[in-house]
């Protein structure tokens, strides 16, 4: 592939000869790629992700059922959404599930990731099993757990001391619990992987020094491992937040937003409005709320953590 | 490290493949439905019974110059997808629907072809079907659908062994049902299995009780736009009876966690953990596949009980009246389409449908019933439907599709107590009727 | 490396093993049982029947074709991602222009766009382009939605390449292109394999785009096949799970094969 690409773009000068050429005058631009390198990806992305997003924004000011032609209705969709108790509820539910996801999955995947970062053979074998949920589609995961949690023929029937009458999907608290659990089951492996990688990258010297100082395992964990995992934590949390805001298939298959509207999170409500009620305008407005919320939260996390500064600080070194 | 050597090759393979495939993919643009390719595209709900549709298409294509192409969309997404493509060039020529509210918005948008002309040329397209069924696809006085597949009335099924043990007879009246609920509860079984997680099974109880107490007129009025119907005394009476039944523990406590669609409620009845289940006529073949022994030995069925003092005729039924083929105005081959629709009352069609357990609603169905595998059950259903003064179409299909989500929410919330009677009435009044 | 075994973490990992293992066992066991056995004894019990019908059944209902389609989609998505992302990530890490930094921000924002939010306009775009019910119509948006995450992963990996290496090459008068091919690509191999695995997963498990953008059997992918299977066969859970397991096999192989590279990619392989 390498040769294909190079031959596709004729080199600026004789390749062999360029090796000995002295550096150009401006030190900062030498050997730095221009934005043209980023252009193909940017154009492609703009075409297939940004364009539809702009169309969504326009649609949110229109009334459209997919049959007649769309009509501009100004702020109608938006003002109706503001007064819609289900919309307000769905935002709270979305936040709740997202926070639950972060709070449960972060410690779990840190512990598992650090553990799996060890080099013993049994860990390697176990790790392979741990990560299997990652390979299943959300559809498959949800179908599987729905069967397992059946009140009469699944696990709850055999463990009444834990599940009571097994009405997991019939009450808000338990239905939310199930959703949070299934997301955890499905996504913890991915985040574990992130932490495992980061934990392996922690320099051994730090631990050796700590042991000489007589620091115990837990002190080592809290004073060396955790601080070293900071960047991994940021990446993982952004992904969790965005994932939480856009959870969809799990709700669609496990609860359909029910009982009533008790698990109707915003992403599902959008789908409900657009594809069940054929109110594409309102659906688009909800979609836009979601995109904006996810963007703001990601930006906050990025700013607070200084993730976007990382580049410039590294550049400063060079 | 091994991965070092492997990866670039993997990447190179991927890129080459991508290029090659992009080129070929561009080359063959014939996939799926396109605007006009000299063929008729027929779009059908995708499920196990598609083989009959395929068979009929083959029969048709043997003699016709204009060929029919059968496209399917998996069940749960059928309606959504249909509405997405119906006003685009990808729209089919003929499509499957449920009549009633499911085609009303399309008629309003001027997309469908009234079938009067077809019927004028071949009156058989109307006269060969049971009128109560045919009329369900009449919108604003004009026919828009030809019945296809079969009728699916909702029946009250039971486990004979469980009922015997509790000393209960299959109930003929509402009071007998309440009595049976009490006795079954004493036996420690859930009296009535209900897949509340799917919501539409819950809806069946509303459909029947409203019909028994107020007659079909109340719902017809409500869905026609007269929302005061929901506040009427009859409406509240029906709601109170539902409340009473739920509060008596007829459905146990965890019905909202049970689904029909994952086999949960089916299994409850088959394993003797529940006595009754109200379900569409497809229930029989479902039990036969999942629990053969039980279905052959202990599965019983009756019509929905009568309610003393109710205004509705005790012979009325509720359920899926039928499915229909409707024709798009834009079709380029109306003559061929008309010929194709004639197959829907042919002997071949009726036999094939009966063979897979569907019950067509053509007038010639009668003479083939005795030849089917389960003649007794088919006969029971056919007589029930043929004799019914009124056939209540499922509520979520009678309402326009856009109302169904809110309708389901209201039904589930009233049933589990989150909404009281007034709350339910308000929710129903808020539903769009056109 | 450490002397005492870590009991707490060990217990935690065993618990997780149970949580992950039980459902996987149930799934595998269910696929080997007859439908009646499963229906009567429930998912958690031991099978009292053994059958391979659930697997052959899946193949009979057209899964062979679906597999081919999914492979095509996956290969093309990987191809597009691998062609577009490395230059992008290289520019993000090395370029100092404002335009590049704006592009990077665009992709960061892109992380927050849920696919289902744009599905309605997407249908019209693809349909206008004449790609409805064509695999290419699934490939393009799927690849587009893989880009932000892939860019993030790969630029993370490339960031770990030490600046001294660039400087050394710059001393030699290397052009950006030469640095890219001789330094950046070889040293970000781990990141590359991570984005390959990531986009493969996305494409293989993709559901919403194929659902909305395809229609006929000849363009059906495996996830849709699964979904279809559920409606066509009513409530045949063992059959459904058999299809699920089958759909998992190829990606499991890829995963086993690329797992090392995946973990290393997340670590940032060029760091040392």
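Observations on the model:
Every chain is named by a letter (A, B and C) in the order it is written, and numbering of its residues begins at 1.
What we mean here is this: a contact is a pair of C-beta atoms (placed from the backbone, for glycine too) under 8 Å apart; a residue touches a chain by one contact, two chains touch by 3 or more.
Every value quoted in this text rests on a predicted model; they were computed, and no experiment measured them.
Among the chain pairings, A-C comes first (most C-beta pairs in contact).
The most distant chain from chain A, with centres taken as the mean of CA atoms, is B.
Chain A and chain B have CA centres that are 38 Å apart. Each chain gets one centre point, the mean of its Cα atoms, and the points for chain A and chain C are 13 Å apart.
Chain B and chain C have Cα centroids lying 37 Å from one another. Of all residues in chain C, those touching 2 or more other chains are 80, 83, 120, 124, 227, 230, 237, 264, listed in ascending order.
Across the assembly, chain A contributes residues 2, 147, 150, 153 that each touch 2 or more other chains.
Shared contact sites, meaning residues of chain B that touch two or more other chains, fall at 8, 11, 15-16, 84, 262, 267.
Contact residues of chain C toward chain B in the complex are 35-36, 39-40, 72, 75-76, 78-80, 82-83, 120, 123-124, 127, 130, 132-136, 139, 189-190, 192-193, 196, 211-212, 214-219, 224, 227-228, 230-237, 258, 260-261, 264. Contacts from chain C toward chain A in the complex involve residues 1-2, 4, 6, 9-10, 12-13, 16-17, 19-21, 23-24, 26-27, 30, 42-44, 80, 83-85, 87-88, 90-97, 99-100, 103-104, 106-114, 116-122, 124-125, 140-141, 143-145, 147-148, 151-152, 156, 159, 163-164, 166-167, 169-181, 185, 201, 204-205, 207, 223, 226-227, 230, 237, 240-241, 244, 247-248, 251-252, 255-256, 259, 262-268, 271. Those residues of chain B that touch chain A in the complex are listed here as 8, 11-12, 15-16, 80, 83-84, 86-87, 105-106, 108-109, 111, 196-197, 199, 252-259, 262, 264, 267-268, 273, 401-406, 409, 412-413, 416, 418-419. The part of chain B that touches chain C in the complex is made up of residues 1-4, 7-8, 10-11, 14-19, 21-22, 25-26, 29, 31-33, 46-48, 50, 71-77, 81, 84-85, 88-90, 260-263, 266-267, 270-271, 286, 289-292. Residues of chain A touching chain C in their complex: 2, 6, 9, 11-12, 15, 18-24, 28-42, 44-53, 55-56, 59, 108, 111-112, 114-116, 118-119, 126, 128-140, 143-145, 147-148, 150, 153-155, 157-158, 185, 188-189, 193-194, 196-198, 200-201, 204, 217, 235, 238, 242, 245-246, 248-249, 267, 270-271, 274, 280, 283-284, 287-288, 290-291, 294-295, 297-299, 302, 308, 310-311, 314-315, 317-318.
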